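Before I ask anything, here is the structure I am working with.
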Amino acid sequence: ILEKAATYEPPTKPTFKIGGRVHLDTWDFPTNTPGIGFFENPSTGNDPDNRWAFRRLRIEMKGDIFETMEWRMQVDFADPSEPAIKDAYLGWNELPGNTTVLLGNQKRPLGLDHLNSSRFNIFMERPLVVEAFNEDARRLGLCVYSYSDDEMYNWRYGIFNLENISQSGAYIGDAFQGSGNARLASSPWYDYSSGGRGWYHWAIAGMVANPDGDALSTAPNSNEARFRTRPEARSSNRWINTDRIADCHWYEILGVESMLNVGAWNFCGEYQVNWLQRDAGRSDLNFHGGYLQVGYFLTGEHMVLDRKSGTLSRVQPYENFFLVPDCYGGCGGGWGAWQVAARISYLDLTDQDIQGGLETNATLGLNWYWTSHSKMQFNAIYGDISEHAPVNGYTGGNFWILGCRFMVDF
Amino acid sequence: ILEKAATYEPPTKPTFKIGGRVHLDTWDFPTNTPGIGFFENPSTGNDPDNRWAFRRLRIEMKGDIFETMEWRMQVDFADPSEPAIKDAYLGWNELPGNTTVLLGNQKRPLGLDHLNSSRFNIFMERPLVVEAFNEDARRLGLCVYSYSDDEMYNWRYGIFNLENISQSGAYIGDAFQGSGNARLASSPWYDYSSGGRGWYHWAIAGMVANPDGDALSTAPNSNEARFRTRPEARSSNRWINTDRIADCHWYEILGVESMLNVGAWNFCGEYQVNWLQRDAGRSDLNFHGGYLQVGYFLTGEHMVLDRKSGTLSRVQPYENFFLVPDCYGGCGGGWGAWQVAARISYLDLTDQDIQGGLETNATLGLNWYWTSHSKMQFNAIYGDISEHAPVNGYTGGNFWILGCRFMVDF
Amino acid sequence: ILEKAATYEPPTKPTFKIGGRVHLDTWDFPTNTPGIGFFENPSTGNDPDNRWAFRRLRIEMKGDIFETMEWRMQVDFADPSEPAIKDAYLGWNELPGNTTVLLGNQKRPLGLDHLNSSRFNIFMERPLVVEAFNEDARRLGLCVYSYSDDEMYNWRYGIFNLENISQSGAYIGDAFQGSGNARLASSPWYDYSSGGRGWYHWAIAGMVANPDGDALSTAPNSNEARFRTRPEARSSNRWINTDRIADCHWYEILGVESMLNVGAWNFCGEYQVNWLQRDAGRSDLNFHGGYLQVGYFLTGEHMVLDRKSGTLSRVQPYENFFLVPDCYGGCGGGWGAWQVAARISYLDLTDQDIQGGLETNATLGLNWYWTSHSKMQFNAIYGDISEHAPVNGYTGGNFWILGCRFMVDF
């Protein structure tokens, strides 16, 4: 049945690429109401501490094996006492229908902002709903990736283990908690004549998950029906949190994405809704959230779409930032690229007896791209939390957070 | 006395090579008798848990320094919370008599299946006796490697510290527990005319070790007279185990290896015997084990011998596995290489008052080589344990284990 | 105001370099008086244990981004259970005035022997005062590096956080403990005609630090007014130690360096003094120390100065160490480079109620350079400690330590 493609000439050795990224953050928590102190430090109620921290310190290796297979391996040392596995997979590519199949630790296809690399996102941290419904994104799984010949459509679907093995490297247990995930994306408008300065992207994604519903978090293979997130900043604790939801054996998430780019302007929004079913006579639950954001390059560049994956790609500044002596004894320089952005984000994790909290954040951002591979990000976040299960009597509060990230990738 | 070799032209800079491997396992424990549950979970007796786990996630670097020295450094992140040092040595090469001397963490020369790279072995996990008598193989030591000009003989010998420093990077203590190890290997038949499809390998290896014999495992520098192994699969515990043998100050191991390759057929066997002497009026002990295995390539390839080290080398499939659109609108593909294998393995760790257990395993294996650098391994293991020191009253049991490994190296 | 330099041609992609180092140590503690046992093991008083340990097992990556920026990332796995971040920064280079600005984890400019790479230092471990007053050297900071066009002067200055984040990757806390550091170095004599065999280097460095002065070491963000060091060898504990000095809110360090190289001879000395101010009615303190050392190449090579940074650089042996069969059936070989050295080192950490100890060490060293990238170091250290706060009644003692290091870098 199978015959060889007459022109196939295998390469003589595997390819190997190594790279990485260094992201260094500083976060200030200038003011907040007392409740926020208790969400951050439940025992003392102390206000959140300011901090400097490596956010990512990552070694990344990838390669092709004779064009028929590929692999990737990433280890992050931002907290060197707890190295973390990021992408770690092997796969088969060049399959019919522009298809690649990957097996291993990889991102679940839910939430555009998670599928975008942290190197390319407009804001420092991912939106509430994107992080809460797909915490840390990567899971052990088998996933199929394809795109249409004209690149207008791409889709991916796979099955995943619900447990995060990034710090253990292993899933051990007989009670398999799994999910099925799928995403269909399209870029019906893509203006090649301007070099991709105009485009429209939409996608729809779904997830059906089967957590074990155990009530006790101490049980082996802790119930993965838990949704939580930090305040779009690197606080020590996650301020809204459903905790492990007892007797939840199934949940389903539906997500929609939309992104429009017109020259220096970029508009993006996502919405996700999560339906949970509970046994033992408990009623069903519903959580949901979304965000809207806009970015604008003061210096005229544009956000770049990778049509084959339906995600953002690398921005090229018109001129790099530099400052050198010029021929006349003065200074020559370049400004880099400057982008301003704003985001409104919302997440409701409170329904009936589960009071994870309801958070609304507004963020202003400024990105200074020094080069295509290095930039600085500023974020100023105002947020409000309410309907949280009482901690020392507090059910909500509001806060300001200022963040700044210095980042290179290579 | 020493004069310069007139033709010596040193290179101008050190060489540097980087690579690694990703091995991802899944293990199922479909059925076993109750005793096995207690060997795996002594307190609860629960049956072994199924699992998915990275078996190896390794960064490997090596190089030559101006042709007169070499070095290697490997770190494994399969369990990222406990990175492990693998090969980490420096050495002098190009010494007279085709000799290399290496200092640092390296494999002790005992057991062919341990000296073979995990990338090239026919079965997923090493035989009982090979792992039990040379646990984890690598130790800090000084070892000399040579081979004869015609490559018919090769030998290595060295001294090693008995303690495993792969997770601490240091040996600290005044009570040096050491060993002397040596191995002589030969390939008296090697058919160059067929490109190495026919060959015969034999080797003899010995080890003399001097553990400290302390009775208490809590003493600093725990007594290294301990032999134990998992059931040729990645269970959580080692099911047969002598524990630290009090008053044992010397033990000697003799190992013999033999491997015959005739085209697609490969036959291999090893046998090792371990004599232990005890003080304090306790009588001497004797443990021993071995295995026999056969492999056959359905697709006609052959196992490859590295004559200079007396170990297996990389298999080259006749065609890679691939599946691509062909010129006629259909699919073109390649099957890769397929190998079937069987192994019988035996280890007796019970003698007199030491009841480590007696295990016999039979394994069927299937290897699907996608390329020379990637493959899939299936193993089905039936095993039987007896004469084990009672755990909750159980002295033995039997079990089935199914394993599957996905692996790439680069 | 800014105009472009007409000739500027940016490169098309970032550069990437990977390397590392393997340093393997053995340390023997042949004899010492009982007090030393209690400084090493306060509870038992046991004499220090002999040891073999990886001292450095480091992966290093660095690169330029389009000539306008640079970055570096180093992770050390010598103790794989606690990987450590070393250099981890990003920066801007090619700034006017031969200036580079680096942000991230980098060495504080205090102590020539700390600024020298461990690959190039003459002795195995750094002098008492250099390590005590600038423990582990690297801190999170922002630092400016410049040199004059004629390379006669170079200077660096910056601000740093006092806390060492090499094992956590993060500083968390509102009580910022910071320092300002600066160093001016010069090489007024540098003999280009002999290829740099003759030169004179001096430098002056200063540090003003603002620790938080908390009395309790258990308080968050432990008081960084603490000075301590090992005995110029890898003991388990630091034998002289002021512990955290309560109510110290400011200290200032002044350091001077001087180094003269005349052919195969190298003479070097440093002196540092540390003034500490205390609140709460406690009187001020003063600690100080220094060292003098001489090195001589038996084989005629010379120590190399990097004039742009004011630090030692890589030694090139006249011939590498090697041993190969020659054309006449005998052996050809090279001796490598041989260097002998001696050092006297002194540190006084005892003043008034703070009895950290007073230590004087004399060290003989022998370095055998196999190649420019590999060598062996022997150190024999005799030391004497006195005026130490009593540990089980002992306030001092003396000791001999023998050390040997095998090292490659690549």
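Think of it as A, B and C in the order they're written, each chain with its own count starting at 1.
We take it that contacts are C-beta pairs under 8 Å (C-beta built on N, C-alpha and C of every residue); 3 or more make two chains touch, one makes a residue touch a chain.
Values in this document were obtained by computation on a predicted structure and should not be read as measured data.
With over half of the numbers shared counting as same, classify the subunit A/subunit C interface as same or different.
Because under half of the interface numbers appear in both copies, subunit C and subunit A meet with different residues.
For the identical-sequence pair subunit B and subunit C, what's the CA-based rotation angle in degrees, nearest 5?
It works out to 120 degrees.
Using mean CA coordinates as chain centres, what's the gap between subunit A and subunit C in Å?
About 40 Å, centre to centre.
Where in subunit A do residues touch two or more of the other chains?
Residues 18, 59, 83 of subunit A touch two or more partner chains.
Which of the residues in subunit B end up touching subunit A in this complex?
18-20, 22, 24, 49-54, 57, 59, 77-81, 83, 236, 319-327, 330-335, 370-374, 406-408, 410
For subunit A, which residues count as touching subunit B in their complex?
The contact residues of subunit A facing subunit B are 2-8, 10, 14, 16, 18, 59, 61, 63, 65-69, 71, 73, 75, 82-85, 88-90, 92, 94-96, 103-104, 140, 161, 165-174, 176, 220.
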